[in-house]
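Before I ask anything, let me first share the structure, which is written out below as structure tokens.
In this document, chain identifiers A, B and C correspond to the written order of the chains, with residue numbering beginning at 1 in each.
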Amino acid sequence: MTAALDREQARYIAAQAADARINFEIETEGMTLNMGPQHPATHGTLRIVAKLDAEQVVSAEPIAGYMHRGYEKLSEVRTYPQVTTLINRIDWLGSFANEVPFILAAERLMEIEAPPRAQWIRTALFEMSRIANLVLFAGDTGLQLGGQTAAFYGFRDREHVLNQIEAVTGGRFHPNFDRIGGLKDDLPKGWIAETKTAMAKVRDFCDEIDDLVTGNEIFQARNRGIGVIPADVALSYGLSGANLRGSGVDWDLRRDAPCGLVHPELDWKVYTHPDGDCFSRWWIRIQEIREATRMVDQCLDGLPSGPIMAKVPRIIKVPAGEAYVETENPLGAMGYYVVSKGDLGPFRVKIRSASFNNVSVLSWVLRGVYVPDIVAILSSLYFILGDIDR
Amino acid sequence: MSADTETEAPEAADGEAEEAEPRDEAREELRDRFAAELGDAVVDSHIAVGHTLWVRVTAEAWATAALVARDHLNCRWFDFLSAIDWLPSPYGRYEDDGLTPPEPIDQTIVTGYAGGDTRFQVFGHLVDVVDHHDIVLKADVPDDTLTVPTWTGAFDGANWHEREAREMFGINFEGHPGLRNIYLPTGFEGHPLRKDFPLISRIVKPWPGIVDVEPMPAVEEPEDDGDAGSTEDAS
Amino acid sequence: MTSAVLAFEMAYWQQSVLRSVGVLAAVLLPAGTIVYLFLFKMMSFMQSRLGPNEAGPYGSLQLLAEVGKWIQKEDIFPAKADRKLFAMAPYIVVASVLLVYVAVPFGPDAWFARLDTGIFYVLAVSSISAIGVLIAGWASANKYSLIGGLRAAGQLIAYELPMVLAVVGVVVQAGSLDLFEIVRMQAEGEIFGLSWFGNPFILTQMVGFVIFMIATQAELTQPPFDMPVAESELVTGYMTEYSGIRFLLFFIAEFASAGAFGIIAATLFLGGYWLPGLDMHADYMNVVGPLVLLGKMLFVTFIIFWVRFTYPRFREDQLQKFAWTLLIPLALVNILATMVLKVAF
């Protein structure tokens, strides 16, 4: 009798154990997806390690630093004009804009002001670098989402602006044109008329992109309501540029903290959007391209005559002090905190780059999104690797 | 309230013959409101008229200062947070050409605006995007512990900035959720932005500009301090 | 070819060899035309660039160059891949595409196999490629490929239904599953009392045509339905780990299936190998018919590729929602309307 009961019990226990084994095996783990440093979507060498549950992201962490070049340390051993060459390469798409805050900080410490003509041309080139940068953004966002044609149109129309920048500075991507006290050279003959033609072509491009991409239902379905960043999160992470204005915060350094550039004298608008999603950031950038073309036209119309460079000594020694100048660069707010001890070169330069803050919000915004949305959010936040990694 | 010094010339000197010193009332009012909240924690301040306000606080009050700036001054936009190493670099400018003996470098620590007593200082910039105020906060980092409280309680964005400050300077941020390297590989030894960390690329390969010690042909510069080849058009 | 057409007797095995070679030619010819014409040249012109212009006059031999390039590449197996499955997957996909061409009428006597249930066979056989894609995704031992394969499987299954339902509308109108019968009905039918251009089913089945084209775009995993191969996310999805001849097979299969679905669409909706004014049963139609069909296929594939290079891609869940909540009900309504009108008229 007991033997039969024992067998029964043994069989029961075995069945329980088998059941437990099956349950243990069916238990699924999440998958870790590594959008590694080399990937078509990450605009450079950004690495995102995402833990997925089927197609949804549970947690994501961006890992930067694959392109860290140590600009802050390198600046300490260079003279001020040599630093300008270096910082061109931080945001390499809108590169003239990188030089401007640094030069303005040095000029503030030296207490000199660039002559009006130089300031107006600086503003025109500043806005042109914004156009060059954001036109690529427009094309690239279409490409990331699958509309390959938009990318080609973007590159084609960017050429107009780059040709103009090259005509005056000699370099398409790294102008190295700004000098403490003014600019290196004056405008070549015929440049103003050509630039106005180029601006008209860029406006046509904006209209074309609006037809091709902005109104497209699929594009809207992929971008509306995706990657919503509320205003308080945006402020707390220090987002800037279209990322901040896309969340409804009305803050534009060109209007609110202008220094050395002539934006207050131009007639232009700041665009904000209340939604805070990927579409609002896209929309604002397209409007900013249009506004930038109008600003360039106004700059060229109102260009005063005069010298292009203030009186500065041949060998520049900036007096001791500290200055922080921040401008509204294409990617966001970029600033240089320059500490000077009266030497030929700075004592410490802290580079506040826009994309560093913009990318830090990724771990917050990527929770709970689908894998395809990662790409949409990355392209809408629009960072440049050189800007993150300096 | 502790004595706040301004590094402008004191008005008590000779007020009648001189034109009035430019004063930045808005920033002074901001500083006074800030000091009213923090009291003794505010050590020093400096105003660059029309440009920036610096306020130095004690290291213990570093986190509280951020909260006060955020809640009472409404500076809700976090700009950046970093550190300065005030020790002059013992390597100079890496321009020893091997012909002349290197000049001794004065290693005394001289701090900048709003003073300072330690080698390292942390500093951060916060902005009020509604009324367009901004404030630069500074704090001395105690030399023995090299630790200051974290700003991540007040601003989420400080997370990455503090990670970078720690790996570059070696300053610890107490209360930070996960201080690990952000730019440098894990296991990197040393803190690169410290002044006594050499710029290895210049040691490995001397800068080509110092090889040519011939002075420029035009004779107008009396102060040619062996810094050959550098003009404002150098590229 | 039936022996009635040929001047001399052929043994059965000779006929089979001829048919196999014929099928291959019928597949590779349109595939080549499509690839060169649309992918290289039309896409390039739409994107304001020239496209290949070095290999041969106006770049016409570019496809030959590409084939040569892919053939001589190293055959790479990922270390953790399942070798047998990995090797097998491209052949499954290509086989399913080739089998589609077998049932299509190219002319009154120019066909490879005359099946009574032609369109049923075509739909069934074209779904086999989903298995091949899934096998490729799994066997690559790569997370990106796996995600791509799973997305593809879900998508291909989801869009089979609208395609089948759209075809059912045509079948109801024609009254037969036989592709030859469908072409004959279009050639000899009349609409609004006019009979000179027959009754191409696109006129009465416009809704069905649109649904069929959308479903085709999804079956081919082309944008806007190319989540499985979303380049900016998954590199190339289920094809990531393939190189050399296997990748070439996937490449050919992609364009050959575009051609295959184009031919099916032309047969079902545009009148097949018949043009108004031609005699459907004449002997010369055996030569003219394939050319006519090729032309119609190029027209349909032009639309497919035009949409491909214009639209961004759907997200997977939006894609599924589109199929299940929009296309399928629409197709069902289409069938209902067709049945009612067929009975009424």
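Here is the rule we use: contacts are C-beta pairs under 8 Å (C-beta built on N, C-alpha and C of every residue); 3 or more make two chains touch, one makes a residue touch a chain.
Keep in mind it's a predicted model, so treat the numbers as computed, not measured.
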| item | value |
| --- | --- |
| Most distant chain from chain A by Cα centroid | C |
| Chain pair with the higher count of C-beta pairs in contact (A-B, A-C) | A-B |
| Closest chain to global C-alpha mean, per-chain Cα centroids | A |
| Centroid distance [mean C-alpha coordinates] between chain C and chain B, Å | 66 |
| Chain A and chain C, separation of their C-alpha mean positions in angstrom | 43 |
| Inter-chain centre distance, chain A versus chain B - centres from mean C-alpha coordinates, in Å | 25 |
| Chain A partner contacts - residues on chain B that touch it in the complex | 48, 51-52, 54, 76-80, 82, 84-85, 88-89, 93-94, 110, 112-113, 123, 125, 127, 129, 132, 134, 136, 155-157, 159-161, 168, 181-184, 192-193, 199, 202, 207, 220-221, 223, 227, 230-235 |
| Parts of chain C lying in touch with chain A, wherever the complex brings them together | 46-49, 143, 147, 223-224, 226-227, 230-233, 235, 309-318 |
| Touching residues (chain side chain A, partner chain C) in the complex | 31, 33, 39-41, 55, 142-149, 152-153, 156, 212-213, 216, 218-219, 221-222, 370-375 |
| Chain B partner contacts - residues on chain A that touch it in the complex | 64-65, 68, 70, 72-74, 76-77, 79, 81-82, 85, 108, 176, 179-180, 184, 232-233, 235-238, 249-251, 256-257, 259, 312, 314-316, 320-324, 326, 333, 335, 337, 339, 341, 344-345, 348, 350, 352, 356-357, 360-361, 364, 389 |
